[in-house]
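Next up: some structures, all given as structure tokens.
In what follows, chain A forms one complex with chain B and a second complex with chain C.
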Partner chain A sequence: MVPTTDLLPLAIAVPLLGAVVLVVVGRWLPRPAIDALVTVWAVLEVGCLAWLWLRTGDGHSVSWLGGWSPVRGESVGIVLVGDRIGVGLALLTGALVLAVVVYSWRYFDEPPEAHAGTFPALILLFEAGMVGFALTGDLFDAFVFFELMGAVAYALTGYRIEDPRPVQGALVFGVVNSLGAYCSLLGIGLVYARTGELGLAQIGVQLARHRPDVLLSAAFVLIVTGLLVKAAVVPLHFWLPDAHSVAPTPVCMLLSGVMVELGVYGTARVYWVVFSGPHGITHAHLRAVFVAAGVLTALVGAVMCWQQRHLKRLLAFSTVGHVGLFLAGTALLTPAATAGTALYVAAHAGVKAALFATTGVLLDRYGSVDEHGLYRRGRDLPFVGALFAVGGLGLAGLPPFGTALGKAVAEHAGEDEFPWLPAVFVLVSALTGGAVLRAATRIFAGAGPRPRDQYAGTETTGGGEEPEIRDPQRRVPVPMLVVPAVLLAAALAVGLLPGLGAALAHAARQFTDRTAYTTAAIHGHTVAPSTPVPDVGWSAEGVLLALASTVLAVLLAMAAVWGPALRSPAVGRATAVCDGVGRRVIVPLRRLHSGHLGDYVAWLAVGMAVLLVVMAV
Partner chain B sequence: MSRSARIRLFWATAVVFAAVYTLACTGLPHFGTAVHPYGTRAVATSLRQRTANVVSSVNFDQRALDTLGEESILFASVLGTLVLLRRARDERVGPPQAGRVLPSTRLLGLVMVPITLLTGVYIVAHGQLSPGGGFQGGVILATGLHMAYVAADYRVLKRIRPLAVLDLADALGAGAFVALGFAGLIAGGAYLQNVLPLGTFGQLSSGGLVPLLNAAVGVEVGSGIIVLLASFLDQAVEVRPARNSGSGGGT
Partner chain C sequence: MTMLPFLAAGWIFLAGVYGMVTSRDIIHAVGCLAVTQSSTYVLLLTVGYRRGGIAPYFTDTPLRTRTVDPVVQALALTDVVVGATVTALLLALAIQIRKRHGTVDPDALTGLKG
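Entry: the complex of A and B
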């Protein structure tokens, strides 16, 4: 019987060992054996994390690596701390990796010569990085795992080297994220110089003994800059659409499904444990700044998502939009909003991964992810079309998807402080879901007039993509259909299983309680959180808002598909107004996404400078 | 954005950053203060662990998980490079050219290659005692081999560079670190716990698990760097690109 404390390091060691085994035996095994081996390994990891989830319960699992448990509150070692938010994210990662591994069974036809195990090995290393990041209770160790997932993600993004676009996307991804990571390292240096500690809880205790000053706020901003780059918060988000639109589909499922969300998790964890104590950064200050950043990100992501015809780019911008909502949700700093966001993240991961997976089928069949170029061509794939449309409805927040429940809980938690917040949530999910529904209607139902096909200035079409597999004549492989279906079912289950909501409500209460974390990490005691358990069930108001966003999404999609066919003066006037808004607001916004690395670095500097100023005053 | 707008924007933000960061640095402890909470603890612990090189004690004993993560980053980077620099369908390969080298350079290389390799092994093996260790020694090992490229030519380097074996050694070195961590669990302790006999302070056999982890990292770094450089050198020396490529990005 493995003790709970040993499950934490095992969850990191298992995928690392798996990567080594795959690289070693991958040179001799045939392809099906490699696929079977990596699947077994992914199942093993899910089992390990599920066990950890059950054993952790409503408390904290704490493990001091190397046996360096603190003596009189001091230790030289590294601690892993699992609460149900951290372990839950690790479990979500494990589940998505399993889905990706199964999806890729028949996917890549061209593993590198004599290194057939490399792609699955990289996926397992990616998993180790994400799980380690979710479970660590040490600031520098978090940075190490953050870099591990980064290094793997850059390589996976550029995997299709025949096409220059993935290589460019990976380069932008690598440079922007590395610059963010340097900022984090600078910030870690500042807090280490002041406190002489690296454990999150220990730094938090030491910082609480100093008066708040510029060092505190500057260190916070620098540390979270790297995390916010990963989370693609405007204006640090420019790398994301360029990378996610060109990465291989299975990799996109992981990038959008969970890696980006880990940036929000890291920001929230660092704030709660390290900076929220006495003499720290006040709740009101953080809430004002980060809710604003979240709303800005959500709106930019949603508007840009609606503008895209390149399907993977569309989905990438919808991730930006939703991450904005997640950031706003966690920045409300209440247990209820945190629980709602956690539900939303879990369900969104299923929906978004399913949407990428079905887009992968289109890429496989037609060598294109262009909404306009694929017009009517998906009519022989009704099941894929149904999955894509259901995914769009899930993204828009159709009850009883988990996205709707999570959104409703977060909206309800925020509306006292910010009465307009539910409107933002409804608008963003309607625009992103509507964009997916619009594409589904055109591609799979062939509805509406044929969309214009010519290149219109600032636009990425998505035609002429290299198919990721070589044989377009074969039938769609079964795993490529089963995986998105299961993922959508899981997103539905998140909304329907009352046990999960209750568990996350307790988890959110733990997550937002600094004392409980600190006591568990340093002293090994359990302290019951002082706040009440938030209510995360369905409410009438929540269902109505979710229905509203779904209806709005359907209406937007219908207007976009059939609108151009209508001939009446009212429609003409509406079109003229839309064109005017487009020229003044949307075209400049699109031009900012120039694909120029120098621009992106300049915007990274702008974002950091603005945060430095607003957090220092 | 135009070039000048971009540069102006960047400088404006750089000034803000410099001002705030300078102000933040005034809050740091003064130079030369006596209080070093982590340093004091780490030095005392490494003495107790009979590891003369405190840095190695921190890296491979006290905070070994960080090093596990870092060597995994290297492992992943080598794999990633293999993937990204694999031969594409449209790349042609030509044989490397023979280079002209002065006989004295060749002789110097012949003498220096074994000396450098020996130095590398020494640095890895003495990581628990003196400055150095698996990362530093591994890089020296890899550099030593590449002297053959400088002192002779690429064909000689290819002959003395068993890539298939080194590739395997890279993975096995990374795996050995992960596996050695299980020793602690098997002995009833924690993962990565230093459960081996600690030996006598200052002796080659001191430090318990530290020399073994150093050796694993040394093997991994040495072979990993050679594989990494091989990928780049192959691109530079052997591969001739066939077609021009466009650029990516978009809106």
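Entry: the complex of A and C
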């Protein structure tokens, strides 16, 4: 029997070891053997994390590495702390990695000749970084795992090094994210200078003894800048569409499904444990700033998503939109909103990964991910079309998908303080879901007139992409169809299994209780949180709002597909108004996404400066 | 404790960021990223500095000897390793960009827009 204290480091060690084994034996083994090996390894990791989830229960699992346990509340050791939000995210990562591994069985039929083990090894290394980031209780370790997952993600994004666009996207991704990480490290240095501690809980305890001053605000802003870059919060989001639209499809599933969400998780964790104590940053201040940032991100992501014709870029911008909602949800700082966001993240991961997976089938068949170029060409793939459309409905929040439940709970938690927040949630999910439905209708049903090019500027079309596999004439491999179907079913299960919602409600209560975390991490005691367990069931209001966003998404998609074919003065006037708004607002917004490295770095500096000003006043 | 080293760290960071924003060459931009990273070394070593402290080795000195903080040195070393990995990876990508796009000027890379 493995004790819980050993399960925590084991969860990080298993994928690391797997990566090493794959690199070593990958030279000699044939492709099917490598696929079997990596699948076994991914299953092992899921099992390990599921066991940890069960063992953790409604408390915390704490492990001081190397047995450096604290003596009278002081320790020089490094700690791993898992509560069900952290372990749950790690488990989500593990499950998604398993899906990606199975999806890739037949996906990369041309690995580098000598090194068939490279891609699965990188995937496992990526998993180790993400799981470590979710489970660490130490600020500097968080930076190291952050950089580990970052560096592997840059390599995976630029995996197809013979293709011009991936290498460009990977470079921008690498430079912007590394710069963000160095900002975090500067902040960690400042915090260490003030407290002499690196553990999250210990820093929190020490900071509570100091008066708040500019150093505290500066350290907070520097630390979260790196995390917000990862979370793609406007204006630090520019790298995301460039990276996600060019990365290999299996990698996109992981990037959009969990990596970006880990940035939001890190921000919330750092705030709750380190900065939310007495003399820290007040709840009201943080709520005002981060809800605003989340809403801005959500709106920019949704508007840009609607404009895209490159399918992967469209999905990437929808990730930006949804991450904005996640940030706004966690920034409400209530257990209910946190539980709702956790459900939303879990269901969104399934839906978004399924959408990327089906887009991968299109890329596989036609060597294109251009909505206009693929018009009517998907009619011989009805099952893929159905999956894509169901994914669009899931993204829009059709009940009983988990996305609808999570969204409803978060909306309900926020509407007292911000009565307009549900409207933002509805609009953003309708625009992103509607964009997917629009593409599905045009590509798979061939409905409406041929789409025409409306945007005058340069845009990323998605035509002429290199197919990621060799033989487009073969049948679509079975794993490439089964995996998205299973992922969608899982997203449905998140909304339907009442046990999961209840578990996450308890987990959110623990997550938002600083004392419970600190006591468990430093002293090893369990303290029951003082707040009541939030209610996360379906409500009539939630179902109505979710139906509203779904109907709005369908209407938007129909208007986009069939609108141009209608001939009436009213339609003409509406089109003229839309074009006017487009020229004044949307074209400038699209021009900002210039693909230029220097611009993105400048935006990062601007974003950080604005955050510093609003957090210091 | 003087403010000067902290200001120097901030200056180095900003110099690197300025370099990246105005860069006309990807390799130069990756170099500027390394410059911003050096600001973290300066900051970390400043934080751990103690006047009159020696290197934290206790093999031939009494345990009560005043030393600088070994923790930040460990952090800086880890940081160096991370930086070396990332810089090497980014330079490899820069080589591929030169091969595939025929240029290393960020202004000429127009594949991803809007």
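The working rule: the second predicted complex is superposed on the first by the 613 of 617 C-alpha atoms of A that agree within 3 Å, B and C clash if a C-alpha of one lies under 4 Å from a C-alpha of the other, contacts with A are read in each partner's own complex, and residues count from 1 in each chain.
Keep in mind that, in the parts below, a contact is a pair of C-beta atoms (placed from the backbone, for glycine too) under 8 Å apart; a residue touches a chain by one contact, two chains touch by 3 or more.
Note that the coordinates shown come from a computational prediction; the quantities given were computed from them, not determined experimentally.
When both complexes are overlaid on chain A, the residue A:Gly598 reaches chain B and chain C alike. By the touch criterion stated above, A:Leu179 is placed in contact with chain C alone, chain B being left untouched. Of the two partner chains placed by the overlay, only chain B lies in contact with A:Leu125; chain C stays clear of it. By the touch criterion defined above, A:Ala151 reaches both chain B and chain C.
Contacts of A:Asp242 after superposition: both chain B and chain C are touched. In the superposition on chain A, A:Pro164 makes contact with both chain B and chain C.
In the superposed model, B is the one of chain B and chain C that contacts more residues of chain A. Residues 140, 144, 147, 151, 154-155, 158, 161-162, 164-165, 167-170, 172, 186, 190, 192-193, 198, 242, 245-246, 458-460, 590-591, 593-596, 598-599, 601-602, 605 of chain A lie at the contact with chain B in one complex and at the contact with chain C in the other.
Within the complex formed with chain A, the chain B residues making contact are 1, 3, 6, 9-10, 12-14, 16-17, 20-21, 23-29, 35-39, 41-42, 45, 58, 61-66, 68-70, 72-73, 75-77, 79-90, 164, 167-168, 171-172, 174-175, 178-179, 181-182, 184-185, 189-194, 245-251.
Within the complex formed with chain C, the residues of chain A that make contact are 140, 144, 147, 150-151, 154-155, 158, 161-165, 167-172, 174-175, 178-179, 181-182, 185-186, 188-190, 192-193, 198, 241-242, 245-246, 307, 455, 457-460, 590-591, 593-599, 601-602, 605.
Note for the complex: chain A touches chain B at residues 5-6, 9-10, 12-13, 16-17, 19-21, 23-24, 27, 63-68, 74, 76-78, 112-115, 118-119, 121-122, 125, 128-129, 132, 140-141, 144-145, 147-148, 151-152, 154-156, 158-159, 161-162, 164-170, 172, 186, 190, 192-198, 213-216, 218-219, 242, 245-246, 310, 313, 458-460, 590-596, 598-599, 601-602, 605-606, 608-609, 612-613, 616.
Those residues of chain C lying in contact with chain A across their complex are 9, 13, 17, 20-23, 26, 29-30, 33, 36-37, 39-40, 43-44, 47, 71-72, 75, 78-79, 82, 85-86, 89-90, 93-94, 96-97, 100-101, 106-107, 109-114.
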